[in-house]
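Across the two complexes that follow, chain A remains constant while its partner is chain B and subsequently chain C.
Our next item is the complex of A and B:
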């Protein structure tokens, strides 16, 4: 497995003269759980739509398991699960009718597993989608994306409307024991940062159509520190300066030579605020 | 005695490190003893809603340190000859947190007596929470 399982190569996406994605490149190794975070409008949903081939980039390209996203093979499609930001359901169908309809599209669909997931998430299956609450619509989308035991799972704010208990059940379901040999690779965009901290292996921070920072989450917490400097000096190992230069706040990477070690450690919330200040 | 794990995802200490530190402390303090089995990776991940890979990483590090052993059919157990626990005094492992607390107490202008009273209260409270 030389190639990353999910990748974007210099992806440029312009919408109504606005550059939504600006030269984005991204490599996600197999088995990673990548948290994609950034403010509203940073380009997260557009990036995810490009990755699964729902949108064609103006320049550059994306690949899933070596296959161009704009031209996915049936075998990659079979291994892919995607949850859109706005649940994509058939209004007039009930949950179990969705199971029949979606399940028939996948050779690996596991009806028993889908029912088990629905029970874990407390999802009513005999109500038409249009009569479900937004939270229940999200649950149904999640179950439909997981029902065929995908190896690649791309989730665009899948849990925004779910209560904390259900979000826990959802996060456990991500790692549920599976038939597949290959470990599941997940990208999940979310504003619920404390949830992400529990499950991610990697985090990518997006701002204004670019990826500001991406690394293993353990490495970021262990090596990134916030330091305060006087005036315009750049601290050794400085990788990011807060947009208000007069504050003299820098993120330093203590893996770089000479970087000070006495800065403040940051959790995901802190880091998000610093990078977007 | 059974193991106590408390995972705080928002703590800027990585979760794998929290697990490593807590296992190490409980071995040093004799809360868990040689031969005792640790929760399986899956059980631990499910209980705390964390990534199973994070638990594996912690267990592997502890195994490399010689504190845990992989036993066939049982998973991870506390190693028999936890040599390190002889060298490391349990008190030493408490020192870093106490040092940090001491600094804060100073910044808050608390007297030593007031700070000690707080610590005593915390000890009592933790004990009550863990004794059903």
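Our next item is the complex of A and C:
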């Protein structure tokens, strides 16, 4: 495995006396596409804001490319793209004015690429941001994050307001051929699990400020099984019991010794339901 | 062809709002013809007008319409237009906006010049030469319009040319002061007018350039002239012209938000209490109240040169450890460049028109305010930055209430017990006060730095935006 390019170390964040992030540690290798999955309020957005340095954790720290997130160097900022949960645009500027304004800050900004992306996503560029629909605002936010061809991309529910066709175009844009030599590392938080399943290499499930489960997606699909047991016994290799114990369902990791292989394989949707039911 | 584009008169316009039927379509080409028609009509009116003011007004319209032709035409001259056969309608309208904006600034500068002239008793001179003033104005307008065209049509050529003229003039004056000054003294009126128009047009053009956002130094390597230009732009940008961009393009509501602060101008003196005090004045129990009010007025003006998380995350963005200081210095620069001159003009005009003081006396009094204003605004800004970063809304409200009611509390204390009588008079604004206030300001600045090092930037930004919108609403 490559050295982690994005990492969080025992991050704890308390907001209004509620622990939003509870001792979260995370390592994302270079080139990985990590899907961050969890229910509303699980702490996904806070974690992502911590990773880019917009929020400071009460304990622990985050690093991007070896640089503390709260003190990012210009070279890391140049390689970072971030899409927030809300578009947060300059309301009084049009799309192309946004390109001028934000593009001027990045040495690697490619105006032609940004225009091509905008055309691909069918984004109107001569309308002020405040007059755009929420979906178009989200598209503009996405194009602004991708315009400088970042190596590290952190996306907080970027496709929540997009229609299925635009979502597909967005995913294509995300993983199209790039000029850069280094592979792009992506963390994407989304509730659209079917879309996510197609693109992720890693998945992390969050619940109540903790990471419940994180692994390569291929490994999870290959080794994780849902088994039915009778009574209160814990099956060998059992890692997680269904939230409703009376059902007697367990998630089993078949890599553990003695674990049964006869369980049901799960897709991302099933796994999310099992972990959050 | 792009979606939403349509072919008009052999060219294609990007604007979907352009009507396809009718003789007077609002295309750039139609605009050119329209301006030419206006030009001819106003020229005829100017020729056949009977009174001098009417002639002047028509001539102004004539030259304006001619300049508008140039500007509209400049919009059609882009390579974009000829290669792709696409007329960028929004760019043409942008140029028109630029020109109108430039003229507005010209008018403002002339207004200021007239006001200053009145102050130093040159009003009579202005009154006796209205026609010369009119000619300078017209020349400046046309000159500015030509510049706008030149900038858009031939990038980079106009700027060095316009820099070279004052540079050459300056060098000539330095090396041969006698002949140059002598030549100026004996120069005919039209040379003076031309120079004045050039200076005015160049000033406006340069100011507009400063207002336009530019690429940061990271993306290109400018030459010495470019570096100087970039430095000047940064200076202006940091002075608060640019708050998430140029102020000129912000919604009116944002500008009204700033107006809350500028309300200090007319109400700076409420009865016997002054919001701004001169050096040597007495410190009373209203001191906390005064600082609290200044702090309140500064809250909607708080700014950073990069007040948006998109700037914070971009290269060259602020490091967290400098954020508190950046907020304080950016706000103070804005206050120094906008509020203080505005207040000085207001104060000067008030003294000039409503007292018997001479210009020199007014200037002396203004100078006495300077050191006190510097420290007062520093303390108030640092306090506002701490408040914005540290507390929730209701804490801020409580804090404000405490400050506002402090005079009542202090008076009450002095009434209850004579031992507190000293609270009514805290001495005078002199050396000790200056040292104490500077220490307070320093402590607040350090505190602000610590607070903003931990602030949730995304949250704070949204909250501030929402807050200002509420205030403006």
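In the analysis below, the second predicted complex is superposed on the first by the 274 of 277 C-alpha atoms of A that agree within 3 Å, B and C clash if a C-alpha of one lies under 4 Å from a C-alpha of the other, contacts with A are read in each partner's own complex, and residues count from 1 in each chain.
The rule we apply is simple: a contact is a pair of C-beta atoms (placed from the backbone, for glycine too) under 8 Å apart; a residue touches a chain by one contact, two chains touch by 3 or more.
The structure presented is a predicted model; accordingly, all values stated were derived computationally and were not measured.
**Q** Label the relationship between chain B and chain C on chain A in the superposed model as either fit or clash.
**A** Aligned on chain A, chain C fits beside chain B.
**Q** Considering only the touch criterion stated at the top, classify A:71 as touching first (chain B), second (chain C), both, or neither.
**A** Only chain C is touched by A:71; chain B is not.
**Q** Kindly classify A:163 by the partners it touches after superposition: chain B alone (first), chain C alone (second), both, or neither?
**A** After superposing on A, A:163 lies clear of both chain B and chain C.
**Q** Pick one for A:53: touches chain B only (first), chain C only (second), both, or neither.
**A** second
**Q** As a test of reading the superposition: which chain, chain B or chain C, is in touch with more residues of chain A?
**A** C
**Q** Answer with first, second, both or neither: which of chain B and chain C does A:3 touch in the superposed model?
**A** neither
**Q** Touch check for A:33: first (chain B), second (chain C), both, or neither?
**A** First partner only.
**Q** For the superposed model, what is the least distance in angstrom between any CA atom of chain B and any CA atom of chain C?
**A** Least C-alpha distance: 24 Å.
**Q** Can you check the complex and tell me which residues of chain C touch chain A?
**A** Residue list for chain C touching chain A: 3-4, 14-15, 90, 213-216, 218-219, 244-245, 249-251, 308-317, 319-321, 453-459, 461-462.
**Q** Under the stated contact criterion, what part of chain A meets chain C in this complex?
**A** Within the complex, chain A touches chain C at residues 49, 52-56, 70-72, 74-75, 77-78, 80, 82, 84, 86, 88, 90-94, 100-102, 104-107, 109, 122, 124, 126, 144.
**Q** Could you pull out which chain B residues touch chain A in their complex?
**A** Checking each residue of chain B against chain A gives 7, 9-17, 42, 45-46, 48-54, 57.
**Q** If we count contacts the way the header does, which residues on chain A are in touch with chain B in the complex?
**A** Residues of chain A touching chain B: 31, 33, 168, 171-172, 175, 177, 194, 197-201, 217-218, 221-222, 265-270.
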